[in-house]
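Next up, some structures in structure tokens.
Shared between the two complexes below is chain A, which has chain B as its partner in the first and chain C in the second.
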Partner chain A sequence: MSALEPTTPSVPKRAGWAWRPFALTLPALLLLVAVIGYPLFTIVLRSLSEPQWGAQNYVWFFGTPVNLTVLQRTFVISAWVTLVCVVCAYPYAYLMTAVGPRVRLALVLCVLIPFWVSGVVRTLSWVILLQDSGVINSVLRSVGLDGVRLIRTQTGVVIGMAQVLLPFMILPLYSVMRGIDLRLMRAAQSLGARPFRAFFTVYLPLSLPGVYAGAIIVFILALGFYITPALLGGPRSTMLSTLVQTQVLSLLQWGRGGAMGVVLLVTTFVLLALAAPVMRSRHREAGRR
Partner chain B sequence: MNPRPENRGAAIDLDTVSKDYGSFKALDAVSLHIKPGEFMTLLGPSGSGKTTTLNVIAGFTDATSGKLLVGGKSVVGVPAHKRNIGVVFQHYALFPHMTVGRNVAYPLALRGVTGAERERRVRQALDMVKMADFAHRYPSELSGGQQQRVALARAIVFDPPLLLMDEPLGALDKKLREWLQLEIKRIHRELGTTFVYVTHDQEEALVLSDRIAVFNRGSIEQIGTGRELYDEPATLFVGKFIGDSTVLRGQAATSAGETAIVISGQTVVTDKRLADGGSPVMLLRPEKLALAPRGAADAGRNRLAGRVGEAIYLGSGSKYEVVLADGSKAIVRSALEAQSFAIGDEVDVLFAGRDVKLLADDDKADLTLT
Partner chain C sequence: MRLKLGHTACVAMLLAATAAFAQSKPVAGEVAEGSLKGKTLTLVSYGGIYQDGQAAALKEFVDKSGVKLLNDGPTEIAKLQAQVESGNVTWDVVDTDDLPPYVYCGKLFQKLDLTKLDVSKIPEGQVGECSVPAMNYGVVLMYNKEKYKDNPPKSWADFFDTQKFPGVRGIDGSGSPTGGLLEQAFKVSGGDPKAMTVADIDKAIDVVRKLGPDTIFWKTGAESQQLAESGEADMLMMWTGRAMTAVKNGAKYAPAWQDWLVVMDQMTIPVGVKDTDASYALINAYLGKQSQEILAEKTSYTPINSEAQPKVDASVSAFLTNSPERQAQGYKQNFKFWVPNFAVAQEKWSALMAGN
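And now, the complex of A and B:
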């Protein structure tokens, strides 16, 4: 046998036991089918059947330019939110791995406390901070600078959403970073790598699975955000969830609302499928230790 | 591998190097000269300062005071990545996201070595540790011993003049450790690089080293070849740390030409004297002791009564632990043809006065050995 060919270690198979883990997950599976599978099925059904059978709701969606603009904007805003979260969460999560247990507890609390505050309250705090006569603009004017328009802009929406979603980026990043052996950095330095280089060749690649995990969660949650864009955004920063709400609750167009939901879902799946190969190969490498 | 020129290794000079952590002195004025191409082992129990010394040489830790020269040039204040020193860690420290080949190529890539030259040198280094067939594997697919060999290849691939090894075999089982010791010895011979090797295993130190520096509580107790340390320990700590030993303590009396120690009413005498003051203790190697049935005549030798506490058959001979009258233990190694004894036998431990190492008593020597 050629030792150059990598051989995967074989895992002993115990066929007789294989069904048992599934039996244990049965309650969870039933719940998923009941609260996600059935409504999803209903939405797809209604998008094709109301007001009558056919694809008229999808024809309407793709035939109305504003829908496509909003769909595109939804993805752009979500991508910005994800980017802001990565940039803010990476150093924060790293700090959590570097400090002692007491400071770490304080940092974890700082991440979790916003979780315990209602989303509406948090978003209203952002309204107070961001509005034209709000805290940020008052401070800017008091030091002699021009005020900036934040509320009812895309920037305001991104800031507010990033703050709400930050914990979903920090926690997966932290759990991956915690597992990175910092002695590897010392080894890299002994081999001649400047600290900067050691970070980019060793630490960063090993932390990427955490970045990907956090990014997927934040991106998908951002796509469906409703309250924050509705309160912080203006007409030019409407996201798809707001349109769905208008169609369903204001116009009682369940078919059109359903079609929008299905389009959002399918587009998300397509994007994730495109991103998966990149993430998987990285994952495979970093997962080996 | 081509034979390498002699003495391509770097000399290392530590001159009164100290490292304080607050009030704790991890290193207390350590001075050590290592010759080019030498295999020097830093031996000592945990917390004795041997790893701190290694970290100071590698540049991972800054000394509080003192001078450090590598290859005649001061490296004080030079960061680790500019020292060009190979380091092998106890925990392997292979990059889990890179294959074996990319791990070994890493220091070459940093030095701008590319293409065929890089491939050739990676191949050569992996050949040297007999891991060339594993270049496409990931570290997680290798055993501990294989990972450590790859780590060794990675540390020598850029031809550093100095290789530091921090208990590299500490996590491996005994058989593998013994085989890798021989491999490391061979690689040292072939490379001619200076090796500094940290271990707490005195047997390993004896197998590998040209010279051994014995550390205790932040300072060096003695530097010498294995034979020097075994035959002529300078301190009680060294005597106890290297090899098996029997330590005899008691009421000591020094007269003109000899020293006598009274242990539980029995007097043993040696013709040696302790040069400076301090209370003398006798240290005896197991092969210098003999056992005889209680009361059997053997004139001209020292005699201590005891009872066999443990008898171990070793194949090449036997090893006995004899509990003496004062409760201390004597370790005796006897040849195969000698009379054998059983646990509980009343015996006399015999030895000649000239085989005694007379050393100053030292309570520092009694710390728990790990």
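And now, the complex of A and C:
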């Protein structure tokens, strides 16, 4: 490294070199400001200014029990979806790293093809599978078991949402797992660790960044879900997006809808901020080992 | 020179007279040849087979007037509000649900000048200050024939009576409350719908809530149809169009027509359209006998021109709601009550929909 040092100072001297990378991101930044920043600003503004200036929309939100119930439910359902996705995606992503290129291609396609199908279509397929007279229940009944109520329950919603969101968990996990040197496992075993031990002390910590990345994406996407809970759920699985829709589209209460969006956003930030230290410390720990 | 002036004046007077004549006596379904040449109108509706039917019903109008007709949708009042507020209204004629033209009359929808429309063939009591009907249909109680056999439910009172008629109920949970259903529920709780007050909305909603946790709130018309065809629900509140299709597809369901709820879509002209007269011309053509026949044949919704005699088969005509018998059985919601209380009712209904 030190041998290279003398050449490096000449780089910053060139005028404009330092901010050139920023210039390259300018199109993306402008797009973000235009399609995320400005609408977000409008939402916050309208939540505070309609019908008149003040915190009335927030007072209304926190003073109406149904809003709080649904807010809490939105986070609980999203947490379940994230958990189901982690449990299903982890072995799948691992398998993708362990097999030959042909099988891997098949596994990738299995993930991606449903990903290309519209969410509405997939959700309607779940209706056919989950309903009381649907495929799952007829199979259960034909083998002499009692049917189970899946559609219009939170379980049904979690199943449907987890399937829609699974690729967002598998792909980051796979990209992290691909970089893990499998010889480390063998090294651990040669030093006397049982396979289980080797997995939990070597492989799992190294793969955690993928788990966190996937979990955050899935959790955040799940919070805003609309179609799937609407079609697979009943009143007891209504999520916040449905309430926002009612306020804006049928009552024209943009201020209240905006306030609901802001509350959801802020709560998400707070939760992620709380989770961040945990993720970071584990990360470092993994690095140290 | 003089002669020329006189000539011009003459032509002008003639033109004025024609215009005055055209304005004073519009005939539903008619439009002057080439009168809208070079103009563009955007019709906004709910898409699917319904809007295709509307486009077919307006084909003659388009051909004759020379207008270019664009279709957009689905109708969303929030989008319309954004257009009106920004002063850039691109929707010229908007097909809406029952209530919005009453709730936002004069604010989002123009007060209609009835000298520009021929409303003489529209069923009584359906022309509003800001709207004319776009079609009629009903919300009807459908029941599973195999489940109830010889003792079928006959009214909404039976629908709400889970003791006498056990079974799963399916209710329209697509968004807004149906005023007529809440009035029927209020009647079950012992009240008089004609004297309903805001506090009574809770009583009505409680009757719905008491149907229990098995109650299905369907989100789309397609879902309600699917519930009937798969037999998931034993009694269903259904739109007549969907009920007809379900029965056609083999659902073993039958309607209980007593107090079927009269509903309609509304034709409106938003505030701030670029060419109000062109919008009037479209609606006036739409109200014509022939247009309404085409609409009914293509969509199986009930035409709103009383002279229309669509050629439809028996399975469709069984669910048309304009026969004298059906008209006598129909129940009209109390518009005067629901319009000012729309927001309150929506709020309470949403809470029910969200599991509270």
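Here, the second predicted complex is superposed on the first by the 267 of 289 C-alpha atoms of A that agree within 3 Å, B and C clash if a C-alpha of one lies under 4 Å from a C-alpha of the other, contacts with A are read in each partner's own complex, and residues count from 1 in each chain.
Just so it is clear, a contact is a pair of C-beta atoms (placed from the backbone, for glycine too) under 8 Å apart; a residue touches a chain by one contact, two chains touch by 3 or more.
Keep in mind it's a predicted model, so treat the numbers as computed, not measured.
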{"item": "Partner chain in contact with A:Leu184 - chain B first, chain C second, else both or neither", "value": "first"}
{"item": "First (chain B), second (chain C), both or neither touched by A:Val202", "value": "first"}
{"item": "Which superposed partner A:Ser133 touches (first chain B, second chain C, both, neither)", "value": "second"}
{"item": "Partner chain in contact with A:Arg236 - chain B first, chain C second, else both or neither", "value": "second"}
{"item": "First (chain B), second (chain C), both or neither touched by A:Ala193", "value": "first"}
{"item": "Interface residues, chain C side, partner chain A - complex", "value": "76-78, 81, 173, 175-176, 213, 216-217, 219-220, 223, 226, 230-232, 343, 346-347, 350-356"}
{"item": "Residues of chain B that touch chain A when the two form their complex", "value": "58-60, 79-82, 84-87, 89, 91, 93, 95-98, 106-107, 110-111, 133-141, 154-155, 158"}
{"item": "Complex interface listing, chain A residues touching chain C", "value": "65-66, 69-70, 127, 131-134, 152, 230-231, 234-238, 242-243, 246, 248-252, 254"}
{"item": "Touching residues (chain side chain A, partner chain B) in the complex", "value": "2-4, 6, 9, 181, 183-184, 186-195, 197-198, 201-202, 205-206, 285-286, 288-289"}
